[in-house]
Structure formats: structure tokens, C-alpha cells
Amino acid sequence: MRLLAEGLSARRGEDLIFNDISFALGAGEALVVTGPNGSGKSTLLRVLAGLLRAESGRLRIEGGPAEIAHPYELSHYLGHRNAMKQELTVRENLSFWQRFMGDSPGGSGIDVAAAAEAVGLAGITHLPFGYLSAGQQRRMAMAKLLAAYRPIWLLDEPTAALDAGADKLFAALVTAHLERGGILIAATHQPLGLGSTQSLQMKGFTH
Amino acid sequence: MSENSLAIRKFSDLANPTRFLALADRVLPWFAVATALLFAAGLWLSFTTEGDYQQGETVRIMYVHVPAAWLAMMCYTVMAISALGTLVWRHPLADVSAKAAAPIGACFTFLALVTGSLWGKPMWGAWWVWDARLTSVFVLFLMYLGLIALNRAMDDPARSARVSAVLVLVGFVNIPIIKFSVEWWNTLHQPASVLRLDGPTIDPEFLWPLFSMAVAFTLLFFTLHIAAMRNEIWRRRVTSLRRQAVRSAGREAQAL
Amino acid sequence: MIALFFRDLKLSVRAGGGTMIGVLFFMTVVAVVPFGVGPDLNLLSRIGPAMLWIGALLASLLGLDRLFQAEREDGSLDLLLMQETPLLMTVFVKCAAHWAATGLPLVIASPLLGLFMNMNELAIGATMLTLLAGTPAITFIGAVGAAVAVALPRGGLLVSILVLPLAIPVLIFGVSAVYAAIEDPAPFLPPFMILMAITLFFAVIGPVAAAAALRHSAD
């Protein structure tokens, strides 16, 4: 399976955010998007997630399941916010997303308890999500990536609130995902601790 | 010295609820038994005394209605005193008491409203009339529900206690209005006939069952209130334990 | 989809949720009426059904602005938009859960308030039935307003202003069906059928329009 982007550009209001972005990612490959603030990293990820319409260009899947209309249906998107409810317990949150999202063809998500263990937070899944600290919440949001299977991960600043130990844990998760033939696109300021990756330097667009 | 006094204050803060829990464990069974016995006696008296020659059997509703209405007001008074305790003396148990009393008070008020309505239908020909007594009790009911909603809406018990204490004290205005509404306005609801300066005007035959039911209801209130306070203290302890569990989970993961 | 339904239901019943607030608001609004018009029982029983309907309309608008805004604030809306399941199904299920958590309790509370308004058994039954048939329509209309106002910081009042004019037909036919049931010459069924038709119509139009608005409000 390959994810292909050809000549993507996006605009917000009147401003062109980025122009003519192209890349091709095969199974097991990662793309790290870097660049200064305001260079359009988040916008690019939102375009890839289908949340913003691309001004021009095309995004497609080669060799993927036939019934998929858009690449975003095969994608996990982890934005700045965690998409978890403070009032519900961690388990309720995770199992809701697991049941609501379902699995993409070609894989299956792991059990909620196992997902919590994978991010190093086993044993507190019965507690309300709101009790958790910012870093713990972020890690639980990552457990969501494991609970429902998606071949493509789109991560926006995934390690922003994490300490060094959790950074390593995250790198291990991503490596395991890539080894299973997943695709990763991450926007970040910090090195993610991955092996060989493609990288895309966003320069920002000036008129 | 300041360290020492801080330690003492912390100790007494902790000790008060703990002592309360021990006390509650000891007195609750006695209260429960006394309540049950008094209810048995009160109900037996209520059903064996003769009915009113005008109202027939429906007069027996009074033995539930009147104590429930008294308790509805008393419960609010307890809440108002607790609110004062929270705001003025900062007693650690005061907000627990106020929070625990609200649902109980709402239940008694609801009981008073329902029994009053059942009584009103044969007497006045309508389930509900908007006279001063009934309306003010209904307002009391809404206030109870509003306070419950307020307590539930706020996460932090200490902050919600102070806010709802202010509201409780403001709402206390309603209690004298309920009590004297039948005298200030000319209403359908009959005026007070038991608690009067010139002695009760009610027939002694009705007074005995009414009196025992009133004592039974009061004991029931205290039983429920103490049990609810105990539950609230336990609930807060569970919450703080859970928060601790979350913090230690983070530390374990870091150690790995 | 069932998971989404129960999650939304849980959220509105849990602490700070809209269920209890909605019913309380309903009771308070209806209880205020006798203070305004006076305690004349005949008058109250005549205007009772209309008052219950207006109270229910206002109460069901109360929590609507949070329908999508809460999802947007914690980022859940992004994930809801990305799924393979059609967005309008997601919106429909969210509306159904919102109605079950806030509209249904109003329907259940309405007989009690009917007694307060001195309505007879027939009027109470008719009001309950029309509320049961009509309140879903208000939720579906409200979903459109909520979706349009999702990105606005103070969407709450705006949603009410947007939705109230659209909800007027529901109010008209709901109230006229009740009066048709109480007063003899007018038949009950025609206005009631129209009311149900409005509900079914908005059950289709509402989610479609709300889904379109959500797609375009993404930023």
C-alpha cells in the first residue's frame, strides 16, 4: 500500500499556507514534517486527515482496500486536543472510540486494557479521564491509536506534553507500527527517536 | 511555631470526619431501630384512631402530610445552619452536612406535595391550587432541586460548598414565608393548628398519632442524614484515593 | 453507532449533564406562569397545554448549543468527521441521544406539570402524546443551528435565535392538536398527523443540513 500526495496546496481565508507539496510513502515508511511555527505543519496534517479541503492537488492510496473512498478513512488523526471526555472513565473513552471507529481492513486493534498497558498506564483505566495529568492524558490518547487499527497515523506534535521516559515509549510504539507495515506522518519540533525517515521541511509561504 | 499550628490544624481537619465516622457507626443502628419502632407505633395509631366525621378516611393522609411538611422545612433549616457553619466557622463537616441534607429534604418536600395533592383532590376538587402555602412549598422543592444540581455540577467540593452555602442562606427567606403564608394571606390551606401560642386547636385524638409520626419522621431524617454524611465523607475519601492512584501511576511509569 | 448513543447518554446523565437542568428549567418556567397570569384555575386549565408546550420548547433548546461545541472543544469532532460511517448518521444518532437524554424526561415530567395547571386527564394525555411526537422535531431543527454555530465562541444564544423561528410550526400544530383533542368539534388526527409529518421531515432534513454545516465549518 502506498500513500501518494501530488502538488497539494491549501489556503486559509485569503492566505496561501503552503504550495505544491508532494510525497510518496510506502508501507513501513515514516515522514517527519518539520518547520517553524506558522509554516503550515498542522494545516498539512488537517488536509491529509480530510478536515480541510486542499486548494489544489490530489491525495490517493495505491494498492489499498477497494472500498475506501478517501485515505482519511484509513487514518488515525491525533491533533493538539486529545478527543477524550473528562467526565468519562479512561476505559469508557477508549472502548467508545474502539467500537465507534472499528478496524480498517488488514488489521485489528488490541484490547483496551492492553492498549493502556502499552502506554505504561495500566491499572488506572477505571478512573475518570479528567483526573489524569496532561502527560498521562496525552499517553491515553495514544492508546487510542492502538485500540482501533488504522494503517496510517497522522500525528500533530505527538510528544509535546511528554517527559523523556514517555518519549522512548512513544518511539517504541511508532517503531512497532512501522514494522507491521504502517505509515506515519508526524509534525514535530523535537526529534522523535526514530530510525530512517523521510523528512519534509516546511518553509512557510511568503508572497 | 507556625509549622506546629499547621500540623495541629491539619490533624483536627482529619480527625473531625474520622471521629464523626466512628460516632456515626455507633449511633446509626440505635437511630434506625428507634425510627422503625416509632413508625410502627405511629402507623398503628394512625390507622386505629377514628376518622373525621367530615373528611372520613382521607384525614389519615394528615399523619404523613404534616410531618413531611415539617421535615421539609426543618431540613432546609439544618442546611441553612450548615451553610453558616461553612461560611462563618469553616467547620469541615458543615458542607458535608449541607450537601447530604439536600436530597433528603427534596424527598420530604416531594412527599408533602404528593400527599397534599392526594388530600386536596377530594377536599378542594383539584389536584393543585396556586395558593400561598402550596406555591411556597413548591418553590422550596425547586430550590432543593436547584441546589442538588449545583452540587453535582461542580467538581471541587470545597468551592461548590461555599457557593451553594450562599445560595442556601439567600433561599432561607422562603422558610418564614412558608410558615406564615397561611396567616399573611387568605388561602385555601388551613392555618396551623398544632404549633400555636395559645395551645393546639386540634382534637387530642388526632394529636397523638400525629405527634408520634412527627417524632418518627424526625428520627428518620436524622438517621438518613447521618448515613448520607457518612457516605459523602467516604465518597470524598475515595475521590482523593483515586487522585493519589493516578499520581502514583505516573511515578511508577517513570521509574520503569 | 450504538456506542455513540450510549456515550452521549452517559455524558448528559453524569455530573453537570443537561438532563436534570432541562427538567428543572421546564418546571420553573411552567411554575412561573401562574404568578404572571394569576391563580385562576379555569384560566390556567385553558392555557395549560400551550404553556407546557412553550416550556418544553424553551427547555429543549437549553442544552442544544453544546451538542457539537463540546465535541469540537476536546477534538472529538475531528475524529467523528473522519470516519467511514456517513456523517449524517452520526448526527442523527447524536440527535437521538440528545432527545432521549433531554426531550424524553420533559415528556415524562409533563403530566405532573399538567396537574399543576389544573388540566383534566384527557388534556394531560393529549399534551404528553403531542410532546412525544413533537419534541424530536425541535432537537433535529436545533441540530442545524448547533452545527452552524459550532465554531462561534458564544453560540448559545445565537442557536436559540436561529432555531426558534423554525420551531414555530411544531408549536402551532402541537398546541392545536391538544386543543382539538379537548374541544369536541375539531378533529384531533389532522393536526397530529401534520405534527408527525413535521417531525419525520426534520428527521431527514436536520441531519443532512447539520452534516453539511459541520463539514464546512471545519478549520
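Lettered A, B and C in written order, each chain numbered from 1.
The rule is short, and it goes like this: a residue touches a chain if its C-beta (ideal position, glycine included) is under 8 Å from a C-beta of that chain, and two chains touch if they have at least 3 such contacts.
Keep in mind it's a predicted model, so treat the numbers as computed, not measured.
Novice: Looking at C-alpha means, what's the farthest chain from chain A?
Specialist: Comparing chain centres, B lies farthest from chain A.
Novice: Return the chain pair with more inter-chain C-beta contacts, choosing between B-C and A-C.
Specialist: Between A-C and B-C, contacts are more numerous in A-C.
Novice: Starting from the mean Cα coordinates of chain A and chain B, work out the distance between those two points in Å.
Specialist: Comparing mean C-alpha positions, chain B is 53 Å from chain A.
Novice: Roughly how many whole angstrom separate the Cα centroids of chain B and chain C?
Specialist: Taking the average C-alpha coordinate of chain B and of chain C, the gap between them is 33 Å.
Novice: Averaged over CA atoms, how far is the centre of chain A from the centre of chain C? Could you give it in whole Å?
Specialist: Roughly 37 Å separates the two chain centres.
Novice: Multi-chain contacts in chain B: which residues touch at least two other chains?
Specialist: In chain B, residues 155 touch at least two other chains, as defined above.
Novice: Could you list which residues of chain C touch at least two other chains?
Specialist: Residues 15-16 of chain C each touch two or more of the other chains.
Novice: By the touch rule stated above, which residues of chain A touch at least two different other chains?
Specialist: none
Novice: Show which residues of chain C lie in contact with chain B when the two form their complex.
Specialist: Result: residues 15-16, 20-21, 24, 27-28, 31, 34-35, 39, 41, 44, 115-116, 118 of chain C touch chain B.
Novice: Which chain B residues qualify as touching chain A in the complex?
Specialist: Interface residues on chain B, with respect to chain A: 155, 242-243, 245-247, 249-250, 253-254, 256.
Novice: Using the touch definition up top, name the residues of chain B that touch chain C in the complex.
Specialist: Touching chain C: residues 117, 126-131, 135, 138-139, 142, 145-146, 148-149, 152-153, 155 of chain B.
Novice: Under the stated contact criterion, what part of chain A meets chain B in this complex?
Specialist: 120-121, 123-124, 127-128, 130-133, 135-136, 163, 165-166
Novice: Going by the contact rule at the top, pick out the chain C residues touching chain A in the complex.
Specialist: 1-4, 7, 10-11, 14-17, 73-76, 78-79, 81-84, 218-219
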